[in-house]
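Can you keep this structure in mind? I'll have questions shortly.
In order of appearance the chains are A, B, C and D, and numbering begins at 1 in each one.
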């Protein structure tokens, strides 16, 4: 998964991009980069790691002059965590520098890439993003925007993308609007971001979402919009509401926090936990879920697990005994709260289930009498081809197991999921308004070719 | 402030030290180091930054062989954040390598240092810890322990300290036991740590606290104890319970979480907030406080502020406008929770008040109607000479201001502190059992000489 | 200028490449790199600086496994000393990894690049070398070698080039054989190098030169040769004999040292220095020249200048006074040898003349009575389009100045150059056998398009 | 061995120190450092490696402000090539910063160190230099100079040393003047250096040598001299003339180049090589020797070996075969010069003989008929306790072998050394004027205690 940020017409463009990426750090922690445009050239600084690591020296902004910039935080969705795949990617098309930042995944990447290579194209990265640039380079057209429009007709899948050239900033979103993409304004500047939390941090105003199938070109003459795909049914990613987006963001025209609270209430109704003494969350992502559940179920909310926020990348410990301790590095249990209690643990979702399994073992070791797990979303049974970094189907806990089996695997006293209908009711939207493929297997865009 | 960790008689001593430091990372984020003893030599790895940064390469443990080790996490208490001050410090005394890790502050450091220099001593660091080694080097005695005992008679203040030599591990604690210091056991190994959370992480058993005025020597013959100062009234630092120690630790013979919950309940009784709609915390340190307050006051606990845990060291932004945004990098407000509400914000303590001031401004900007601040400890009016990294007196918000003035400065609708009596009642202990100097000005050990 | 090295069929291929580059370090000090082929993949290590700097950690060879390898030392000929231009360059052609190392310069690079871009090619570097790969990617053909043959029909200029794929090693040389290129053998391995000194270092046998217009393919079936251009008049770069190649190398079928000695003897005949007391060299490149001149002229050879070999890259000094000292960092004068003497200074060539000017001033300051400069080659009046890193024409001292003017500019008492005829006579070869364009303006291959 | 440099009263003091160290780089390549004094403080930059590596960033000079500075280049004489031993060393004596740079070795270091430790001194390095500071710190006295004078009465051995404090620059030399030490002047500034070549580079005037047993104090009132030891017989290190000092320096009141030429002439007389065709040198240190020998012996001087100046630190090669090639990395043979010739190889000295042995094997492999080695100094039979980095006695080739044995070991056709008398005659000085201990075993100052 990734987060993107664009600024046009502000003398501090790259610093604003930096802060916008900071606000969206949760969308990708593997790498970060910013490209700015100044005097006919593009300048890039990027690296692996968090935004604060990659941009730890203020001097890097000396090289990132100019009034427009784009930024990218990346979490690899394909396993190739190579430095050269960190965005924004930079290319020379006819010796014009061009840079691209992309959130989402193309579903016909392998096919198109193969065809382009047969025609002599030489790829620099293993990203699907690069395909768009090769297509663009081969199209005729008066402007980069014209060429981009034609190129996008040849790809399918999910994309919210930003392109910067020395003169302009271009934004485009796939016909189904699978990933979020917002337009904002700060005085004379236009801003683009995956989530509105970036605008809030900067004190900027949210104007509207980029429409599915829309292309925006921002240049010295202002903002130009064009619907490059006919309007169709949006299929927004419901998982953005469940887990991925920040609770204080507004995406797909709704507040994330509000939707998430509704999930927790319906969950409490659908999956009560009679006999439980307290409700705890798996901090921090499910705090709101747990609090909502507790209130609706009229149970006490307690802080029974504390997350250790100093945990960085730890290396693989030399002995099994030490490796087993790793979950304790991340979470501390508060024994006084837990001992001899029957506890509801609320989490937002289960993907592999590995951490939850370790966590419930830890809770039991702290004296919990019974553990009831309640999940604020349906079972994740199918892979995502649109950019959510789920593992392959075989690693998804729910893919091959019934709820009873899962309860046995994670060794808890009860396990309850939110239903698909309950989830969709919480949104208040039409059932087709969201992509629920990871839960339902109902894919709005069919992947072609070998997807890697 | 600092955290220390010692291990004797385990083949993975330095890895255990690493994990023990990890668990105690909250006690010092400025630097970390480990010294191990192997085949007559000491080996050190240390650096500035977090434990996970300093020990990011597993290969560093190749140099840290041996069955005993000590570790140190440091937060400078004097402003000299020089790399050479990061512990454990290493010296050669008569060409015997010796290393020391120290939590606490000496109060006669300047005097003793000056006298030692007049006698020709050459100091390598600006720490007070080094004084102990110079004193030791000048004392006669059959063993390092004998010499240390004599050396400690010449210093005053707070110290929990660990010394490692190629053959032994020595622990000593000041006569008043100002800082916490615990002894544990993991199979055949003895462990020493500032807080028991380090033992919990390692699956080790907590045996007992090191006694005030006690010296422990652990060598191949086992554990030897000696009371090197006569028993006297302990004066444990109450601020460890208020803020500094981890809630899941047991220090000074009491669970931190339990004491902290009592603080919050007495606070609710002493400082109600009639008219308030909800209670929120300043995450993460005051979550428990806020939850306890809400429950006692019969108010709704909500998550109105979310801490951004990706915030690393940010550099100083180039413009004032951007600098003003910095509090927003750390905290996100959940507008749906806050808008048009009258809110109680619970925090554990106020030192300078700078962050709280920015935070309440942020809350108001998010639509909060009224802000009531409630603090789970009394006003901090006096400096700490025993190792808590408070600023100088002039920077303490409460030093020169009445509560009314403070309420005006941080611009809130009401402000209420826990009373000293309320705080002490919560502990259930004798009033003299704790050092409350930062609140009361009543110092158990008087600083001498210029304190730097 | 550059140096290249290739090895096929030796288990220590990358280490041999390293040593072969070491021997050819004089051909390029700006960057170095090695690519090895192992199990269907290519592995690269490269960087800016000397071979010993780039390969300072033995661990880099752990990543460079495999039985074949190519290497490259680079001195940028176009001013873009960008890290990404350091060779060997790596590409993916149809997802087959391919790497190329190139010595020489193409003369139609700008034209071909522009045309390729119009067809959608996206360039990764600003090198002319990359053009060859794009051409190859667009050609049809059963093998990489077939496609390379077709691609090379579309470029003109100087090239000795090596291409490595997971299975084979390909060598090709331009139709005029402008740059040197040698084939050697070490037991079962084939070796390719710019100069034979690389073979001598490795204890390998020199087999023969790659022929002008020849392509060699070495694969598991052995060595295959093909004349991909009709045989024509070779035009070897005479400047390789004058200055560039190492004196102990054999290039263009002749020993460099032997030719260089002949230059010095003919120089002594053509440009005597009556009245001179001693002959000194500008160490180290003209030592042989100076010794040969002295012997032929029956004058004493002395060591009057000592080169300081510790001089690394010095930064620009803050004051003019210090900048003026810079030549003294490089050369020490031996006053006892020089004082009150009339001195012949022999150098191999003059390009800009900057150092020589500073040097003669230094000699005068050391008490030399008269300075006679004798140059072992004709005046350099024209740019080189084939890879020699001469400056632009306006910076060449001899481009716009008569010998009398040059004598005045470098402020010496006499100045004498070797004649073009004298130079060619020394080689014993046919006049057309060598490219003398930098002296004569007679270019064997005409540059097309904007040369950058 | 080491080189030192001091400047007092120049606004570019640290830059001058840098250049002075550059000129003296041959005296130590293991580490370099500069300390400057500014506004009551000392500032240091140092590191391992060459001057150009350690001072590769001009920004380091921003921290080295001030009008006085000292510098140090180091070659460890004791095997501890630890970073913390790189000079100038810095200490705080009574919280006054003080820094010291030292060329030479103390002979009673172990004894004094042990005594100081018994008194409680804590050593930071394993250098003998640190002893001087501890002694100084324990002495009473009105000034640092007074205390230094008293401290130096307690040490014995060789020292040319520089001490800088915020206010003054102090120079002192041992009673025998074993190592060189020169005073110079550049406008209003005083300069001190091991060798005059540093003054020549800076365009400064050489004033005189520091006298054996003299202490100089330079402060705002000017230069003050004091003879702190009674005048006695100087015992200058003859090896400085033979090999160590730069040929263009003037040390011990004589030009190095001039003395070295005399050595070569007497060598030619004492050790002719009848039947030889040519004379070659082992470049670069013995070029002058070889040329002088050739001229006196009426033989042709030729360049048969070329030193590869790009050779940096190479790592240990993985296979023996590659390790055997290492001498070829350093030296290229010019086969055309050597083949079928009977060759005199002149070198300045033999210590271990390892390189010479490899070199003669290389010459034979290049077709030399006979190799006659002639050495411009007597056999090195005894260790040096005064700072020359000879190996232990057992590693000295001449310690246990007759000349016939040595000839067999290095496998040459003849071997001839300069005699001790011949060497001393060349200097024209009294026999007792020089220390010849490494040749004669006649030590002017007897080492005490365990020398490490």
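Just so it is clear, a contact is a pair of C-beta atoms (placed from the backbone, for glycine too) under 8 Å apart; a residue touches a chain by one contact, two chains touch by 3 or more.
Note that the coordinates shown come from a computational prediction; the quantities given were computed from them, not determined experimentally.
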Of all chains, the one whose CA centroid lies most distant from that of chain D is A
From the mean C-alpha coordinate of chain A to that of chain B, what's the distance rounded to whole Å?
37
Between chain A and chain D, the Cα-mean centres are separated in Å by 64
Residue list for chain B, restricted to those that touch at least two other chains:
none
The chain pairs that touch are A-B, A-C, B-D, C-D
Given the complex with chain B, which residues does chain A contribute to the contact?
12, 15, 19, 22-23, 25-26, 29, 50-53, 56-58, 61, 197, 200-203, 246-248, 255, 257-258, 284, 287-288, 291, 295, 300-303, 306-319, 322, 325, 328-329, 332-337
Touching residues on chain D, where the partner in the complex is chain B
91-95, 117-124, 133-134, 137-138
